[in-house]
Amino acid sequence: MRQVFHELIINTEGQGLYNFTSQTLDWLDKEKVNNGILNINILHTSASLTIQENADPDVLEDLKIFFNKLVPMNEKLYKHKTEGVDDMPAHIKSVLTNNQLTLSVKDGKIILGTWQGLYLFEHRLEHQSRIISHHFFGK
Amino acid sequence: MRQVFHELIINTEGQGLYNFTSQTLDWLDKEKVNNGILNINILHTSASLTIQENADPDVLEDLKIFFNKLVPMNEKLYKHKTEGVDDMPAHIKSVLTNNQLTLSVKDGKIILGTWQGLYLFEHRLEHQSRIISHHFFGK
Amino acid sequence: MRQVFHELIINTEGQGLYNFTSQTLDWLDKEKVNNGILNINILHTSASLTIQENADPDVLEDLKIFFNKLVPMNEKLYKHKTEGVDDMPAHIKSVLTNNQLTLSVKDGKIILGTWQGLYLFEHRLEHQSRIISHHFFGK
């Protein structure tokens, strides 16, 4: 059994979903893994991870719009607003989605459906540098 | 250490929660596993997985109703509507819930509370055939 | 490879987020683990787990308020109300958040961001005793 660790950095430029599937696959290829668990965690509480459709970009736009309606950027609604109007909504959206993805790897490939991609969901308005921890455990 | 993989197929007939706990337990029994991690992923982006109460069917009905109110099936609200009125709402509900469950197995049993069951949450209106990937890693 | 299991009990006194990071770290220290997967599951369907900011308590208060607005404690809205006005809303909030956290451990430390803490999110109004299963798998 082997365990390998990796930090993927994604620079974001505003709210939305950023597809990082190919970076993750490239790393797995480089590590020449076979079967195991791939545990992915985002090390922030104002951005999150999700698996979503990788075909129509309208899906990503609709997701962004839906979450902005559900969790309004209105400072009157929140006590915590240290970092601005998008601060507390970003934390709430993070709780409503996911901090992590745990994936299965078989014969060197992540088990994913045809239309599934791995996404970082950025909830802050300004540029951010996000760390996504990767941990493969298997053989 | 062993790793075993399995695909469970669930045929759904409309929105709602489908309990697949017994199918998962049957597979673990057949594989004669002892201790390890059971990683379960749904290979679709318009249905999801959740752990919920296995006793009162009203809980499942209330969940379906709540999510339909929260994410209305109204085409005017979304750009992505290729597959109909339930298309984009299904993607959103999938992001609001989970694509995966990572469970612990001890002495051949999944560690679950008395009232917990494993559910597929179908968000599409028409018949679907859903693949739920199972991966046991342990001994 | 080793597998060790632990049950952490948290007594809650009403709705809100309870930080259990230090209890989890203490257990890992005691077990002298090195690298592996830490799988954490809550054995209930009316409370959940989340990773959130560990600095400003206003974040925790805003989260509680947001979820109470999103999922109103109004019995007219639900069929399932056996255990009172907070019963069905607790199940819904549990589905909207997480039952589990899967974390990576490297050199004896959980891979977490500086501002991340592990929280139990209690959705019931009265005192509850909650079991959080811990399972470390690694070396």
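For clarity, chains are labelled A, B and C in written order, and residue numbers in each chain start from 1.
Methods note: a contact is a pair of C-beta atoms (placed from the backbone, for glycine too) under 8 Å apart; a residue touches a chain by one contact, two chains touch by 3 or more.
As the structure is a prediction and not an experimental result, all values here were calculated from the model.
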Fill in: Superposing rotation of chain A relative to chain C, computed on C-alpha atoms, to nearest 5°
120
Item to complete: Since chain A and chain B are copies that touch, just let me know if over half of their interface numbering is common to both, same, or not, different.
Response: different
Worksheet item: Where the centres are mean C-alpha positions, what is the separation of chain A from chain B, in Å?
Response: 20
Worksheet item: Which chain A residues reach two or more other chains?
Response: 1, 37, 70, 96, 98, 102, 137
Fill in: Residues of chain A that touch chain C when the two form their complex
1, 3, 5, 37, 39, 41-45, 70-71, 77-80, 82, 88, 91-92, 94-96, 98-100, 102, 131, 133, 135, 137
Discussion item. Touching residues of chain B toward chain C in the complex: what are they?
Written reply: 1, 35-37, 50-53, 56, 58-59, 61-63, 66, 70, 96-98, 101-104, 106, 111-116, 121, 137-138
